[in-house]
Every structure is written in C-alpha cells, then in structure tokens.
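Pasting the structures here.
Two complexes are shown next, each including chain A; its partner changes from chain B in the first to chain C in the second.
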Partner chain A sequence: MPLLELRDLSVRYRNRGVEAVRGVNLTLDAGETLGLAGESGCGKSTLAMSVLRLLPPNADISGEILLDGEDVTTMKWGRLRAVRWTSAAIVFQGAMHALNPVQRVRDQIAEPIELHSKTEYSASALRKRVHELLAQVELPAEKGDSYPHELSGGQKQRVMIAMALACEPRLVIADEPTTALDVIVQAQVLALMSDLVAEKDIGLVMISHDLAVLASTCERLAVMYQGSLVEEGLSAEVITNPQHTHTQTLAAAFPTVGDPGSRYAPATSTTLPDAVPAPGDELLRTSDLHVTFRTRGVTHAVAGVDLSVRRGEIVALVGQSGSGKTTLARTILGLQEPTSGQVTYDGKPVPRSTRGLKAYRRQVQLVLQDPTSALNPRHSVYESIAEGLRIHKVPGDEREHVAAALDAAELRPPQEFMPLLPHQLSGGQRQRVVIAGALALEPKLLVADEPVASLDASVRGEILALLLRLRANLGLAALVITHDLGLAWNIADRVAVMYQGELVEVGPVDEVLNDPKHDYTRSLLAALPTTQPKETDLASG
Partner chain B sequence: MSDILTPTEEALAEAPPPTRGGGALRYVLTKIGGGLVSFALVIVLGFLLFRALPGDVVATMFRGRPATPEMIANLKHQYGLDLPLWQQFVNYVGDLLRGDLGDSYVYRVPVWQKIEERFWPTVLLVGVSTLISVALGLWMGTRSGWRRGSRFDRISTGVALALWSTPTFWLGMLLLAATTGLFPTAGIVYSDTPPDFFSQALDIAHHMVLPTITMVAVTYAQYQLVMRSSLIEEMGADYLTTARAKGLRDDEVRRKHAVPNALLPTVTLVFLHLGFVIAGAISVETVFSWPGLGRLTYDALRVGDLPLLQGTFVVLAGAVIVMNVFADLLYRVLDPRVRAA
Partner chain C sequence: MTVPKNQPSPRALAWRRRGAAFTAGWREFAKQRAGLVGLGLLAVIVLLAILAPVITDREGLDVTKATGDRMESPSWEFLLGTDRPGRSVLLLTLWSARISLTVGFVATLLSVAIGTIIGILAAHYGRWVSAGLMRITDFFLVLPSLVLAIALSTVLERGIGTIILAIGLTSWPSAARLVRAQTLTIEARPYIERARALGGGHFHVISKHVLPAVLPLVFVNTTLAVGSAIVAESTLSFLGLGDPDPMRPSWGSMLRSAWLDSAIIAGAWWYLLPPGIAIGIVVLAFTMCGRALESVLNPRLREG
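Moving on to the complex of A and B:
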C-alpha cells in the first residue's frame, strides 16, 4: 500500500472560480522522495495543503487523498486532528512567518508532542525529547530558549524540521524549505533533510520552484503547470531531457555555472545584444571602505573594501547573507555613513549633504528585490515612475519622460501600462516598472539588490536580458548584489566575492567562477545544487 | 524581503545571540527619563494655559459682590498675581518641587488635600469600569474577529460603535431617567449608612452601578474594535497554519497562538487609554455628582480656581504619562521582539 496516493484530486476556490489543482494523480511509497516543481500559482502549495486538509473553507476538494490507505477528504475532524503531524507533517518556509513570534522555539517543538502523545510526558522527559530533536537538526540545546527572531534563516528552517519530526511522521511535506536561504545554508539544510529522511525511512514530498534544488534531493520529479501535472519521472531524466515545454523553460532558467552556452545568455525568448561592449573609464570606486557597527559588540560589516565599477560594466557582488554586501551597497548609495575610507563617483567623493546626495542619487538608482513591496499598491504605473521625476524636478514634459522610461524597460506600448495599478501586473512586469522608475532619471549606474530573486523562473531570464540590453543600448553600468552565482554567470563582466566584510576575490566572471582561487569562492560553487553527484573534495575544500 | 533599506540587518545576522536583559536597565531609564521630560513640559504648558484663560480670576472670586480696587489689588498681592509672569512661574515651580500646589481659592485648603480626598473615588470608579470594559471588549473582539462577518460580529460591532458614539452625559441622564428609584442618583455613599465596612462597601457599590455602566458602555468599543482588527490581521499568519497542521483544535489555535499575538497592540492601547479615562471621567462624575477628580476639575473650571485647576491638570496629565511609560515597559515584557530591538 502506498504511503500517499492522490486520485484525480481537484481543488477549486469558490471565490476565484478557477480550479487551482486539476485531476492530479500521484503516488508515493514509504521512504521515497518526490520533488514537486512549478511556478507561483501553479497549484503546488494548494496540493500540499490539501493532504492535511489545511485549505481555507472556501476551497472545494474532489477526488481522493489516501494517506496510509485512509481517505483524508472524508475523515471526521477528530480523526483528522489525530492524523495531522503524526502521519504527515509539514516543513513550512520557516524563514518567513511559520513560527509563532512570541513563543520560545522549545515550546513550539514540544507542542505537538504533548498534544499527540498517548502517555503523559513529564517536564524533564519532554525537555529531553526536544533536545534530541534539536540535536538531530544539529542545533545546540540552548537554541531552544530562543525566540524565532533571534535565529538566522537557516536556524529557523532547522527548527521547522525538528518540529516536523517531533511525532515521528511517516510522511514529510516540505514547502519551499530553502527558498529564502542563501546557497551555503541551502546546501546544509538540503543535506540534513536528505539524511534524516533516508535514516528514518520517511516519505518526502518537496515543493520548490527550483528544479536544481529538487533534482539534487529527490529521486523523482513531478512538474505542475496551471493546476495539472504535466510531467513526472526520475529526476535525472526530467532535468536532462525535459519533454513538456514548461519543464524545458524551468530547466533552462537556472544556468549551469561554467557552461559557455549560458554566458551572457540568460534564458529568454527575446534577442540578446550581439556583442559585449567594452567598459569605459571608472565610474564608481570605493577606497579602503570600512563600516563598523557598535550595537551589541563591534561588527566590522565592511572591512576595507576596494571596489570599482566602470561605465557600462556589470559587476556582480556575491556573498552569503551576513557577508556585508548589503551594508556595502547601502554605503555606496549614501544610506550609510562609512566609518572610514570613501566612495568616489566620477572622480569626486560622494557628498554627504542632503542636497549633494540628492543630485548623486539621480545618477545612481536603486532597484529592489521585491517589486511587489517596492511599488505603492495605490499608485498607478504612471504615478510610480513620475514620482522620481517630480522629486528631482526634471525639466521637460513629464508624460514623455514616463513614456520613454516605460519603453526603455520594454513595457510597450507605454500608454497602455500607464493607468494600471501594480496588482494588475505580473511579477515580471512589476519589476520592469521598478526598473523604468529608475531609468526615468537617466542614471549612469543601477544598484540592483537581488533583482530576480523573488521572480518566477521563466521571468528571470527576461529581466536579466533586459539588463544586458540596457547596458548595450544606454551604456548603463550595474552593480548587482546577489547570492546567485548563476546570475553572475548569466550577465556580469566581473564578480566580486565578499566574505566577512572583505572582498576575497575580484575578477572577470570566467576566471573567478571557472578557476576560483579563494576557498570561500570554492565552497560557494560547491554548494550549488547539481544533478550530478558532487565531487567530495570540492565540498570539503 | 529586502533589507537594503533597513540598517544593521547584517550586524544582526552575524552577531552573537543577544543577551536578554542586558539593555533592560538602560531601556527602563530611557523611558522614565522620557516621561520626566514630558512631565516638565506639562508643567510649563499647564502654567501658561491657565494664565491665558479669559476673565480676571480675582474678579471672579468676588462673584459679583462689590469690591474696591484696593481689595482686588490686595488679593492679587496676597496670591502673588501682581508679580511678573516669570517670577510667578519660578515661584510656582519652586513650590511644586516642595510638593506644594498652593491653596485653593474657593475651598481655602491646600490643593493637595483636596486632590487627595477626591483621588480614590475616581480610581475606584475608573478602575472598576476599565476592568469590566477591557474584559468585555477583549472577549467580544476575540469572538467577533475570529468569526468575521458572522451574525455575532455584525451585531456586536454595530452595537459597540453606536454606544461609542453616544455622548456620555446623555447616556448617563437617560440611565438615570430609565431607572428612577432603583439606584441612587448622586454621591458615593448615603450619610446615614452604618459605619461598618460591609454596609459601607455595599452602599458604595450601589452608588457605583449607574456611573460604571455608563463608563463601560462608552469605552468598551475601542477595546473590542482594536482586538477584533488585530486578531483579523493575525488570522492570515502562517504560524496559525502551522498550529493547525500540528493537530490543534480550532479554539486551541485561537487561545494559544492567535490571541497572545493579537493582544500585543491591544495592551498598549489599554494602558494609553487608562490615563485618558481618568480625565474622561469628568462628564460621568458630573452627571452622577461623583466626588472624584473629574467633578473637582469641573467645579474648579466653573469658578476659575486657578491653583486647583493647575493641580488637577498636573495630576491628570501625570497619570497619562505614567501609564504611557508603564505601557512601554509592559510591552517589552510581553513581546520578545521589542526586547531585542
């Protein structure tokens, strides 16, 4: 008998009228691992939630969900509550808000144990059990006393895993377990999950938008598109020889670092610039930049950084969270005062006065990670773009400027987009609006903070291609902050690797990523999820 | 989530786990210091405010009786009102620092004594009605927020809003008219009640019924509405899905996870309002002739009793500030995230 069997499962949300999941059939045996891939809105999370009947009341389920042979859809509430967490548990995206912010994580891990245990647990036995669980996810026992906000993203994810294992379920569903984590932490969490699942013979369904992540952890892959299952098979086969066009798009979205075919060629259906223009003279330089924080001890967030960006050059600044790359970007933008050292722009030191900074920021524009929160939901596209023009009192016809910016960001025809509100746009279009807002001021340099991290895989290539074209057509330079080495490989000329506040390696992308000199760069590369078995000497190096 | 716009995120990620309570003393001292600064401003403001009141205070004291200019000048001199304004202020602050609020023009007794005598009836009335209205508001707010759009939600929110917008004095008089004879209409205790504790307590309780109902009716809506909206905000939170997935019953999810989080903004509101409620008791105390601070302020304002007005102003404003500081400190205890910040 399979551990989990979905028979012709469909889910419809009454208020939306469309079927989020359409006639899905899936089986999973004990000890098996299955990856479920798809973009946002494809129904993969709805599918996961339906297994424990956690969908909102306005969702209608049809078909059967057999968990250990018992149909979840017809269970009585009491039985359903008993099954939850004991037969199947869910690892939510812990880095977000899946943990109660005002409870110690110890109590949150203990909660399902107390709830489901047949025998009364004594306080000390419960404590011991929580420590065991924390040890399994390689967290020290004293972390149990922490509140969620005191833990890093990776630690929170480990807590989520410990919590899921608390009642020794036979099935674990992991919903985007590593999405908000950077590569090294992601690799650690994935390895931990694979080990625990294998060791305890647990069935695992892992959901992600990232095929590479799934392929590196799961035996089988299933791809969802608009509510239906479009492809299913062994991971290696699906990823090397995708049959459905949507799977092909997903597989192509994340390049293999080192593959010459994807150098300066993000996955896109649009035309890319023919030649890579040679960068001009130096536009921005930081010299011996230091930023030190003195809250709670001394933290050298930026410890002596020399970085330059030339006209028309795309530089990728890579590093883990906590490496200081965000602080460096803030300092470059004049949002953070340097402790010592300076930033020069166009040969002159960046001013510190409000007025001087305003003029400087017209030249250096920021593109944020999440376009949904970067745009005011009540401002039309026109308003969002015109705002910068008004602040900087740009002469000339406002409407013409806005139209030109929208055209440059390839939102054509511009007139059609102007009156729209952000919620009427897709994720990729929203990011284009953010870029258009920056372009309206005709900057020389874009500072982009993870510009594609919150976008769907199929849109990612389009935005990266846009950046390449902007550079070719407008001579725009860009400093792209990212933890995604594939992004650097796709578009950047040079890469600067940041580790503990210092640049440990700077150089042309081909050199640094093909032949890394520094150990840290090597470990970043080794942490990339791959479909091939990893070379162990790299991982240990 | 982008952290490029918020400083020191990276410092957080790399920093060792915060030692709890390390900055606690500093936090407490900062908050108390802030409270003292506000209080100093209140004293200055109070002084100037009552000097700017229309009408000559000394003239009002004669209440229309004929007075010669010498008599007025004499009285002005007696109260130090003929001194330059800055001199008056220095004297006032000096007296205040010694704990002397001056003598009431009308009652001819120290202001402190008058305030002290009226303080406890107000605390009793405000305390009891706040307890009831907070309990009622939180319970109704939780119930209506958890089942948003239900019949209970629609009716109770409507009723709460209607009562909230009712003028206090009007509701008080309506209650008096509707219950003629059932409850005493004025004061805190009958003069002929036996002096033993039990009889006194019973009589005070009897007197308190109508003022308390009036105060609860007009104040509980704010607690209900804030609790309702902050619970609705928490309803979509992912950790509630986690709790449900663990197999908790619906009411356990609400009690153990949703309500403790939703309570946080409500607690602040309760304490912020406690200060105002004392001042807000003015109309209730006036309608029911309750011998409290509100009534005292009202009387002092009517006859232009300057020292008494200044005194009640300082006490009432002080109450708001103390409650504010207390709310800040309590919030830190309740929300671990504030402790870290």
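Moving on to the complex of A and C:
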C-alpha cells in the first residue's frame, strides 16, 4: 500500500470560480522523495495543504486523498487531529513567519509532542526528546533556549524541520523549504533533508519553483501547471528531456553557470541583442566606502568597497543576505549616508544636499526586489510612472513621456496599461512598470536590487532579456544586486563578489565564475544545486 | 508616440476610479443595517437642527417671552412640557442640537487635524522629531482631560469657542498615536523607498503616498470621535462651563438647568429625559455609522 495516494483530486475555491487543483493523481511510497514543481498560483501549495485538510473553509475538495489507505477527506474531526503531525507533517513556507516570536524554540518543538504523543512524556523525557530532535537537524541543544529572532534563516528552517519530525511522521511535506535561504545554507538544508529521508525511511514531498533544487534532492519530479499535473517522471529524465512545454520553460529558466550557451542569453522567447556593446568610460565609482551602523553594537555593513561601473556596462554584485549588498546600493543612491569614503558619479562626488541629490537621482534609478510592494496599490500605472516626471517637473507632454517609458519597458500598447492598477497586472508586468517608472527619467544607470528574485521562472528570463536590450538600445548601465550566480552568468559583464561588507573578488564574469580565486566564491559556486540527479554527491558548504 | 484625442486624461480616469471606489464602498456600507440606521438617524437630526430657524421661532427661547407655565407637563401645546421659566422643552431640545452638533463636529475636526499632523510628522521624520512630538503627546495623554478642559474654560472667556478649544486640545493624543502607527507601516513599504529614489522630497512622500493611505483611518476615527466630543461638550456644559447665554442652549446646559431647578424632585421627567436621550441617540448613531465605515475600509473586520 502506498504511503500517500491522490486519486483524481480537485480543489476549488468558492470565491474564485477556477479550480486551483484539477484531477491530480499521485502516489508516493515510504522512503520515496517526490518533487512538486510549478510557478506561483499553479496550485502546488493548495495540493500540499489538502493532504492534511488545512485549506480555508471556502475550499471544496473532490476526489480521494489516501494517507496510508485512509481517506483524509472523509475523516472525522478527531481522527483528522490524530493524523495531523503523527502520520504526516508539514514544513511550512517562510520559516520567519511560521514560528511564534514570543516562545522559545524548545517549547515550540515540544508542542506537537505534548499534543499528539500517546505515551505521557515527563518533563525531563520531553526535554531529552527535544534535544534528540535538535541533534537530528544538527543544531546544538543550547539553541533550544533561543527565541526565533536570535536564529539565522537556516537555523529557523532547521527548527521547522525538527518540529515536523517531532511525532515521527511517515510523510513530510516541505513547502518551499529553502526559498528565502542563501545558496550555501540552502545546500546544507537540502543535504539534511535527504539524509533524514534515507535514515528514517519516511516519504518526502518537496515543493519548489526551482527545478534544480528539486532535482538535487528528489528521485521523482512532478510538474504542475494551472492546477493540473503536466509531467511526472524520474528527476534525471524530466530535467534532461522535458516533454511538456511548461517543463521546458522551467528547466531553461535557471542556467547552468559555466554553460556558454546561456551566457548573455537568459531564457526568453523574445529576440536578444546580437552584439554585446563595449562599455564606455567610467560612470560611477565608490572609493573606500564604509557604512557602519551603531544600533546594538557596531556593524560594518560596508567595509571599504571600491567598485566602478562604466557606461553601458552591467555589473552584478553577488553575495549572500547580510553581506551588505543592499546597504551598498542604498548608499550609491544616496538613501544612506556613508560613514566614510565617497561615491563619485561622472567624475564628481555625489552631493549630500537635498537639491543636489534630487538632480543626481534623475541620473541613477532604483529597481526594487518585489514589484508588488514597490508600487503604491492606490496609484494607476500611469500615475506610478508619471511620479518621477512630476517630481522633476520634466518639460514636455507628460502623457507622451509615460507612453514612451511603457514602450521602452515593452508594455505594449501603452494606452492599455495606463489606467490599470498594480493588482490587475501579473508579477512580470509589475516589474516592467517599476522599470518603466525608472526609464521615464532617462537615467544613465539602473541600480536593480534582486530584480527577478520574487518573479516566476518563466518571467525571469523576460525581465533579464529586457535589461540586456535596454543596455543595447539606450546604452543604459546597470548594477544588478543578486544572490543568484546564474543571473550574473546570464547578463552581467563583470561580477563583484561581496562577503561580510567587503568585495572579495571583482572581475569579468567568465573569469570569476569559471576560475574563482577566492575561497568564498568557490564555496558559493559549489553550493549551487545542480540539475544532475542526486547520485552525484551533494556538495555541502 | 501620438496620443488619440478621444482618450480621457489620466486625471479624469483617476477621478472616475475614485467614483467607482466610492460606489463600491457605499454598496458595502449599505449591506450593514446598523450603519444605515445610524446614518438615517443622523440625517434626520442634522436636518432638523439646520432647519430649526425655519420650522420654529427662536423667540420661544427668550425667557421673558415664555408662554408656558412653570414646569408644565406634556400637553398638545407643549409636546414635551415646559422648563422652569415656561419655555417649550421640545423647542429647547431642537435648538440645543445646533450647538451640541456644531461643538461636536468642530471640536472633532480640530482634534483629528492636530492628531493627524502630529502623528504623520512624528512617524515621517522619526528620530528626535518623533521623540519630541511623542513626549508632548504623552503629556497630553496622561493629563486628566476633563481637568485640563475645566482649567482652560475657566482661564478663557466662557463660550462655544472655548469649549471647542478645550475639547479639541485634550482629545487629539489618541488620534496622533493611531495615525503615527499607521504612518509607520506605510513608510516601511518599498514604494516609499522608490518615491525617494525617484527624487521625491518629504512633501511629495507625505502628500502623495502617506496622506491618502492614512485618510480612511482618519475618517473613521473622526466619525467615532464626534460622539465622544458631544459627550464632552455636555459634561462641560453640565458643569457650568458652557455658554451662559440662555438663547444658546445645548443639551448639556439643559441638563444643568434641569438639575439646578430640581426637576427630579418636582417630578418633571420631561425636563430631564429629552436632552439625555438626544445625547444617547446621537452618540449611538455616530458609533453605528463609524463601525460600519470601519468595516468597509478594513475588510478584515468583516465577518464570514
């Protein structure tokens, strides 16, 4: 008997009308690992939550969900409570928000044991059990006394995994367990999960939008698209020989670093510029830039950075979270005052006066990570783009400027997009609006902070291609901040690797990524999940 | 780029969108019976208060021209009886509505305006501006507002203006705290950072992004605050700090004279109850309206 069997499962949300999950059939045996891939909104999280009937009350489930041969959809409430966490447990998405901030993690791990365990645990036995669980996820026992905010992202994710394992479930469902994590931590968490599956003979369903992550941990892959299962098979086969067009898009979206075919060629259906224009003279330079924060001790967010961007050049600033790359970007834009050192633009130091900064900001524009929150939900596309024009009182017909900017960001025809509100647009379109808002001021340099990190895989390539075309057509220089080495490989001319506030390695992309000199760059590259199936040993950081 | 001439301007589109949003909001409001009842009551009361000079004769408020007897019980001539000098209580209650509502509205506007400005400035500028403004707010918050209002009314000349000032100056701190909290959450949104990076200054950020997002909350707060301002006005008038002119009565001063004239001992319930019930109804109506508005503007409060 399979551990989990879904028979013709459909889920419909009453207020939306469309079926979120349509007739999915899946089976999973004990000790097996299954990766569930798909873009946001494809129904993969709904599918996962339906296994434990954790969906909101307005969801209608049809079909059968057999957990150890027992149908979850018809279970009585008491039986369902008993099954939750003891037969199947979930590692929730976003460990930052799934932990209670005012409880010690020890108590949070103990909670499911106290609720579900059939044998009474004494206080000391419970403590011992929590220590065991912490040891399983490779955390020292003292960490149990910490509060969630005292732990790093990776540690929090481990706590979540420990919680899921607390009642020794036979099935673990991990919903985007590594999305918010750095490559190095991601590799560690993935290795941990594969080890646990092998050791305890549990079934694992892992959900992600990143095929590479799934392929490196799971034996089988299932790809969802608009609620239906479009492809299922062994990981290696799905990755190397995708059948469905959607799988092909997903597989192509994340390039293999070092593959010459994807150099200057992000996955896109549009045409890419033929030649890579040679960069001009130096546009922006930071010299010995320091930014120090003095809240709760001294933090050297940026510790002596020398970085230059030339006209028409795309530079990728790579580093893990907390490496100071966002602070560096904010300092370059004048949103953060440097402690020492200076930023020069076009040979002149960047002014600190309000008036001087305003003029400077016409030249240098920012594109933020999450386009959903970067646009005022009350402003239409037109108003968002015209905002910069109005601030700078740009002469000429405002409407024409807006139309031109929309056109440059490839939102065509512009008239159709102008009256729309952000929530009426898709994620990729929103990011184009943010880019159009920046382009309206005809800047020379674009500072993009993780421009595609919150976008779906298929949109990622389109936005990156847009950046390449803007460079080719308008001579726009860009400083792209990212944790994603694949992005640097896709579009950047030069890459700067940042580690603990310092640039440890700067150079042309081909050189740095093919032949890294610094240990940190090497470990970053080693931690990249490969699309090779898991037989090849997973590198751990 | 050529622009088709028949296309409406973005400004017109924005107004049209606001109109549509208003209609949708109204539809949501209309679903709430309590809110509708409150709004209906308010409409009737405000209309009566505005039309008081048209449908009644102000001369009836003049004690020297009073036609009734001393504390006459309700009759066909005086539906709600008369007070001690012989004036109609119905007439008094009607004219009192004018003063009570005016004080309620103006004092609330004053307090919400002060609160909104201080709250937004404190949250926007942060650091020492915030520290300074919030300490001032705390100062007003811990002062017993009634004592402060009494002190103010004794120092300043007695009259409506003083009462409005006293209520306005004592009731703004809670609005300031509320607006500050809301402003802080708005200011943390990335689109504020984007506006700054576009070159927008303080005024731009506040007027284009913060204020429109804070206003709905302010609006709800205003509606809820009018009721308490009316109660505060009645309290001050009852304590004898209101307008001394008998030609300008308010519900509070009616209660005061009923008390001074020992209406209860005389068994003149018609003298005491109408102003009291009027205060109750108006406050209730504002609260029902305010709660309904709140749930329209904050969908999370809606049930179901």
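Just so it is clear, the second predicted complex is superposed on the first by the 529 of 541 C-alpha atoms of A that agree within 3 Å, B and C clash if a C-alpha of one lies under 4 Å from a C-alpha of the other, contacts with A are read in each partner's own complex, and residues count from 1 in each chain.
The rule we apply is simple: a contact is a pair of C-beta atoms (placed from the backbone, for glycine too) under 8 Å apart; a residue touches a chain by one contact, two chains touch by 3 or more.
Everything numeric here is computed off the predicted structure, so don't read it as measured data.
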Requested in this report: Superpose on chain A as described above, then tell me if chain B and chain C fit or clash.
Outcome: clash
Query raised in the report: Which partner does A:Arg399 contact after superposing on A: first (chain B), second (chain C), both, neither?
Result: second
**Report entry** First (chain B), second (chain C), both or neither touched by A:His149
**Finding:** first
Requested in this report: For A:Glu450, decide between first (touching chain B), second (touching chain C), both and neither.
Outcome: first
Report task. State whether A:Thr354 touches chain B only (first), chain C only (second), both chains, or neither. Result -> second
Report task. Could you tell me if A:Asp407 is touching chain B, chain C, both of them or neither one (first, second, both, neither)? Result -> second
Report summary line: Of the two partners chain B and chain C, more of chain A gets touched by chain B
Query - Partner chain(s) touched by A:Leu375 [first = chain B, second = chain C, both, neither] - result: second
**Report entry** Partner chain in contact with A:Lys118 - chain B first, chain C second, else both or neither
**Finding:** neither
Requested in this report: Please work out whether A:Lys76 is in contact with chain B alone, chain C alone, both, or neither, and reply first, second, both or neither.
Outcome: neither
Requested in this report: Check whether A:Ala301 is in contact with chain B, with chain C, with both or with neither, and answer first, second, both or neither.
Outcome: first
Query raised in the report: Now that the structures are stacked on chain A, which of 9-17, 153-161 or 261-269 shows chain C clashing with chain B?
Result: 153-161
Query raised in the report: Can you list the residues of chain A that meet both chain B and chain C?
Result: 333, 335, 366, 368-370, 373-374
Query - Touch list for chain A against partner chain C, complex - result: 333, 335, 354, 357-358, 361-362, 365-366, 368-370, 373-376, 378, 380, 382-383, 386-388, 391-392, 397, 399-400, 403-404, 407, 414-415, 418-419, 421, 434, 437-438, 441
Query - chain A residues within the chain B interface of the complex - result: 49, 52, 54, 81-86, 89-90, 92-93, 96-103, 111-112, 115-116, 146-147, 149-150, 152, 163, 180, 293, 295-297, 299, 301, 321-324, 326-327, 329-330, 333, 335-336, 366, 368-370, 373-374, 449-450, 481
Query raised in the report: Taking the complex as given, what residues does chain C use to touch chain A?
Result: 1, 3-4, 7, 9-10, 13-14, 17, 189-191, 193-201, 204, 208-209, 212-213
Query - chain A-facing residues of chain B, complex - result: 1-5, 7-11, 13-18, 237-239, 241-249, 256-257, 260-261, 264, 334-337, 340
